[in-house]
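Consider the two complexes below, in which chain A is the common component and chain B and chain C are the respective partners.
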Partner chain A sequence: MNSEAIKNGARYFIAIAIVAVFVFPIAWFALTSIKPVSAVFNKDRVVVFDFKPTFDNYRVTILGGRKSDTNSSSSILMGTSGEGAYDGRGAIASSLIIAVCSTILATTISLLAAYALSRLNFRGSQGYMHWILSQRFLPPIAIIIPLVFIFRDLGLRDTHFGIIIAHTLINIPIALLILKSFFDDVPKEVDQAAMIDGATRFQCFYMVVLPMVKGGVAATAVLCFIFSWTEFLLSLFLTNSIRTIPVKITTFVTSTGSEWGYISALGTAAIIPGFIFILLVQKHLVRGLTMGAIKD
Partner chain B sequence: MSKRALLPRWLTSEHPLPWLFPVTSLLLVFGLYPILYSLWLSFYKRNPATRKETFLPSYNWEKLFADDRVWDAIQITFTYAFVALALQLILGLAIALLLDSDKKGFGVLRALMTLPLVVPPAVTGMMFLLMYDSSFGVISNALYSLNLLSPSAPILGTGSTALWGVIVADTWQWTPFMVLIMLAGLRALPKEPFEAASIDGATAIQSFIHLTLPMMSKIIALAVLIRGIDLFRIFDYVKVMTDSGPGTATETLTAYAGTVYFKSANFPYASTVALGTLILVLLTATLFIKIFKVRF
Partner chain C sequence: MASVKISNLEKAYGAIKVLHQLDLDVEEGKFVVLLGPSGCGKSTLLRMIAGLESVTGGDIYFDDKRVNDVHAKDRNIAMVFQNYALYAHMSVRKNMAFSMRLNKTDKKTMDEKVNWASSILGLDDYLDRLPKELSGGQRQRVAMGRAIVRDPEVFLFDEPLSNLDAKLRVQMRTEIKDLHQRLKTTTVYVTHDQIEAMTMADEVVVMRDGIIEQSGTPMKIYDKPNNLFVAQFIGSPTMNIIKCQVTEENGTRYAALDKLRLPLPDDRDLQVGQALYYGVRPEHFKISKAAHDINASSSLTGIIKVVEPTGPETHVYLTLADENLCAITRERIEMKPGDEIHLQPDVSHVHLFDGETKNAI
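So, the complex of A and B:
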C-alpha cells in the first residue's frame, strides 16, 4: 500500500469518527425513546443495548395513546397528572400551522422587499438595508415584554396568528438578506430585456426573475421553517394554552422528575421534518448562508 | 397608454414603496414600536408592594448600573460568547477542511453533519441534561470512569463547570453551522494560487496560513458576526439546562431579564435590562463591522 492510500484512509476514518461524535447525542436520544423505563434509569449499566424495544413512548406522545394503557410508563414517576399531559398531537398541529404560515408570510414579503433593494436604485436603500440588519441584532427578550402587552391589547396573545406574526418578524431580516444576495446574482440585463418587451416591473419580477432564483427561495423557506419549528422563547412568553413542540417538551420536566421516555420520543420525532427539508435544499442552503459574501 | 398612467407613480411597481410596504409596516409595528414601548416602560418605577408604577425616568437606569447581578451577567455573557465562538470557529474550520473532499462517502458525512442544526435548542438542552445526569447520564459516567469527574460534583450543579456544560451543548449544535459556511468558502477558493504554491515547495500548513486564511477572511468575519450576535442572545440552553444556576453561575443578560420578568414581575426593570442587552449587542456588533469591514 502506498502512503497516499494510507493518508486517504486515515482522513476518511477521522472524518467518520468526528461526524459520529456529532451524531451521537441524537442517536442516544433516539435510543432512549425506545427503551423501557427500567433501561433508561439503570445507573449500574448506563450503556444498555440488550433491552426489548418499545414504541409506547411514541404511542402516547404522537398518536395520543392513553398513558395508562402502556405498561412501560413508569410507576415510580408521577409526573404531570392528567391523561392528556403527554399527548403531543396538539403541539405538533400548532407547530405545523405556525411554521408553515410564518414561512410563507416571511418569504413572500421578504421577496418583494429584496427584489426592490436589488433592482430599484433609490435614495436611502443602503440606510434601509442597515435598518433591516439592525433588526437581526435584536435580542428577542428586548421586544418580548412590550410584545406581550401589545398582543394582549390586540387580542393576539395565545393565538396562532400572534406567534405567526412574531416568527415572521424574527425571520424577515435573514430572509431578506439571503434573498437579496440571490437576486444580486441575476444580471440586470435580464430585467432590462423584459421591460423593453413591455413587461411592467412586477411582471418582470414574477415571470422572469423569480423563476431564476427558485432554488434560493426554497433554501430561504427551509431556514424560516426550521427557525419557526425550533423557536422557544417567543412561543413560551406569548402563549398559555397553545403549545409549540419545544415548549410542550419542557412541560414534561416536572418537579417530581423528567419523563425521559416521552421527552426523547417527541424530541426525536420533532427532528425529522427539518432534516428532510435541509437535505432537499442543501446545495442552495450553503450558498444562501454566506449571503453573497462569496461571488462565484 | 395603459392603465398604469391612471395611478400616481408611487403606487406603481416602478416605485419602491409598494415593494417595501409589507416588510416595513410589520417591522415598524411589531419591531420598532415594542422597542419604544420598552423604553417608555423603563422610565417607570414599580413599587413591588403596591404594584403601582410612577414616572421616574432615571430610576431603573441608575439601578441597572448599580446592579451587581448585571455586571456579573455581562461577564458571564462575554465569557460564554467568546469561548463558544472560538471553539465553534476553530472546530468549524478544521472539520470543513477535513470534509472538503469529492471522494466517495464524504457527501454523506457532510449531510449527517447538518443534523444538529435541525434540533430545537430546547430539545438540545434536554438531550444534554439526559447525558449529563449524575446517576444515569452517559457523559457523566464516562467521565467518572476516567476519573475526570466525581458524582459529588455534577456537571450542571457545580458552579465551576455548569457554564462549560452549557457551552458544550451550544458548540455541539452550532459547529455544523460554521462547517457549512466554511465549506462554502473553501469551495469558492480559486485553484491556481495553491498549485503555484505547491510547485514552489510550500507545505500544506504554509499554504493554509498564507493563502486559505487570508482569502477566507471575509467569510470568517461574516460567520463570526452572525454567530456572535446569536451567542449574545443566548436564552434557550440556559433556561432549559440550568435556569441560571447553580446560584447565578450561568446567569446571562437575557436570562437575568427573563428572571426579573417571571419571578418578580417587575416589567419596567426587566425592560431596562433587556434594552441594556440590546445596546450592548448593537455597540459590539457595530464596532466589529467597522473594524473588520463586513459588507452585505
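So, the complex of A and C:
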C-alpha cells in the first residue's frame, strides 16, 4: 500500500467521521419520531432498529389527529394535555408565513441597499456599513424587553406582521453584507456598459447586475429563511397565541415530562421545508455565475 | 458620426487635479489614440468623453453640441472596456441586442443588425453561446459587436487589447483598424502600448501627468518628438539618450561626455558649454565590427553586452563610455558579448533636447 492510498483512505475516513458527527443527531431524531413510546423510554437498553415503526407521532402533530386515538401509551405515561395541544399545523402555517414573508422582505430591502452601497459613492457610506454591521453585535436577548414594550405599544405583539418585522430587521444587516460582497464582485464596468447602451440606473440593477448575482441572492434568501424558520427567542417573547414551530415544540415539554415522540416528529417535519428550499436553490448556491463577464 | 472637441478640460478629485486644461480636436471619422504611462489621465479623459466621469472645468463638444451635462446613455457613444464588461447571463446575441432592446427596436431590425455585426466580426457560430463559453478574443469581439450595432456617433476604446495574449493582440489590432476603415466612425482609443498607438492611429496624443505633451500623426511624433519624454516614450527599443555638453575642438562642435565625442548636426542653434540630451534611435546607429567600414572620424567603439536576434533585425545592447546603448542592424554580423563594436550615429537623424527644459532643440 503506497502512501498515496493511505492518504486517500485517511481523507475519506476523516470526511465520513465529520459528516457522521453532524448527521447522527438528525438521524437519531428522525428515528425517534417513528418509535413507539416503549422504544423511546426503554430503561433496560437503547432501542436502535428493533421496534415496530409507528406514524402516530406525525398523525397527531402534523395531521391533527387525536392523541387519545394513538396506540401508544404516552398519555398514560405523561398525563394528558388537552386535545389539540399537540396539533402542530397552526405552528407550521405560522412559521411558513413568517419565514417566507420575512425572507422576501429582508432580501428585497437588502438587495436595493446593497446595490446602492456597492455602486454609489456617497458621504459616509463606509461608516454606514460599519453601523449596519454593529447591529449584529448585540445579542437579541439584550434588546428583548424594550422590543416587547415597543411592539405592544405599536399593536404588533402577537401578530404575524410583528414577527415578520422583527425577523426582517434581524436579517437585514447580514443579508446586506453578503449581498454587497456579491455586488462588489461584479465589475462596475458592467453597469457602465449598460448605461452607455442606454439603460437607466434601475435597468442596470434589474436587467444586468441582479441576474448576475442571483446565486448570491439565493444563498442570502436561504440564510434568511433558515434564521427565521429556526428563530426562537423573539418568537417566544413577541407572541402569545401565534406559535412558530420552535416555540410550539417547547410546549411539548410539560411539567409531567417531555413528549419525545411528538417533539421529534414535529422537529423532523420542520426540517423538511428548509431542506426542500435548499434543494431548489442549491444550483445557485455555487458562485461563478459571473464567469465570462470579465477577463478571468 | 461626430467630431469631438475638448476645450480647457479639467478634472479634479477634491484637491487633487488629474487633468489640466486640455484642448483636443478629434475630427469626424478619425482614429485618435490617447497614449501615455499609467496614471497620466488618459482613461479619465476617455471616461469624461463617455459621460462616466463628471467634468470639473472646461467643455466637451460633440460636433457643436456641448455634452458636459448629457448623461452617458444619451450621448450615443459606444465603449469597449479592457475587461470586456459583457453581460454574463446573456447569450452573445442578447449581449449585442441589449441596447436595441432598451430602445424597443422591432425584432426584425434587431436580428438584421446583430447578424450584420456578427458576420463582420466572425461571430456567426457563437450567437447562442454565453460569454463564459468563448475565448478572450471572441469575448472582445462580442464587446465590439455590442458597440457597432448601435451605429454610434463616437467609438471609445479603453485599453481593449491589454488582456489578450501577444499573438491575439496583433490580430485584434488589425481587426479594429479594418473595422474603422470600413465604418469610418470617429474613434478615441486609449492605450499605454506605443506599438498599438503607432500602428492604429491617424493621430496620436501623448499624455503625461494630466497634460498633453504632443499630438500629431504617428510618424510625426516618432520623427519629431517635442521633448525628451515623448522621445523616450515612443519607439521600441527606446531612443538612446546621452546627457552631454556642447564643446568645440579644432573648429568643430561636438556633444561631449568625458572623452566621448558625438557628432552634431549643423542646423541647430547651439552654444559652447550648453548642456543637452543627445538622442539617437537604435536604427540610426550604423554598426560594424571593423572600424574602416564606417567613417573613421566619427566612429565610436563600444563593448557588446547582449545580442538579440529577432529575425529581420538584430538588437545589440552595448556600453559606450559607461552609457548603456542599443543599436539595431539588419545586417548579419557575427557578434557575441564582450566583442568590440564600432558604431556611428546618423547625424541627420540625431535628436537634441535642451539640458534644462528637456524640449527639442
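Here, the second predicted complex is superposed on the first by the 263 of 296 C-alpha atoms of A that agree within 3 Å, B and C clash if a C-alpha of one lies under 4 Å from a C-alpha of the other, contacts with A are read in each partner's own complex, and residues count from 1 in each chain.
Just so we're on the same page, a contact is a pair of C-beta atoms (placed from the backbone, for glycine too) under 8 Å apart; a residue touches a chain by one contact, two chains touch by 3 or more.
Every value quoted in this text rests on a predicted model; they were computed, and no experiment measured them.
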item	value
First, second, both or neither for A:19, with chain B first and chain C second	first
Chain B versus chain C as contact partner of A:200, first or second or both or neither	both
Touched partner set for A:85, first chain B, second chain C, both or neither	neither
More chain A residues in contact [chain B versus chain C]	B
Contacts of A:139 with chain B and chain C, given as first, second, both or neither	first
Touched partner set for A:104, first chain B, second chain C, both or neither	neither
Interface residues of chain A shared between complexes with chain B and chain C	200, 289-295
Chain B residues touching chain A - in the complex, by the definition given at the top	4, 12-16, 18-20, 22-24, 26-27, 30-31, 33-35, 37-38, 41, 95, 98-99, 101, 103, 105-106, 109-124, 126-131, 135-138, 141, 172, 175-177, 180-181, 183-185, 187-188, 218-219, 222, 229, 232-233, 235-236, 239-240, 253-254, 257-258, 261, 267, 270-271, 274-275, 277-278, 281-282, 285, 295-296
Chain C-touching residues of chain A, taken from the complex the two chains share	187, 189-190, 192-200, 203, 208, 211-212, 214, 289-295
Complex contact set, residues of chain A against chain B	8, 11-12, 14-16, 18-19, 22-23, 25-26, 28-29, 32, 40-43, 46-47, 109-110, 112-113, 115-117, 120, 122, 125, 128-129, 132-147, 149-150, 165-166, 168-169, 172, 176-177, 181, 200-202, 205, 226, 229-233, 245-247, 249-250, 253, 258, 260, 263-264, 267, 270-271, 274-275, 277-279, 282, 285-287, 289-296
List of chain C residues in touch with chain A within their complex	50-52, 71-73, 75, 77-79, 81-89, 98-99, 102-103, 130-134, 136, 139, 143, 146, 150, 163
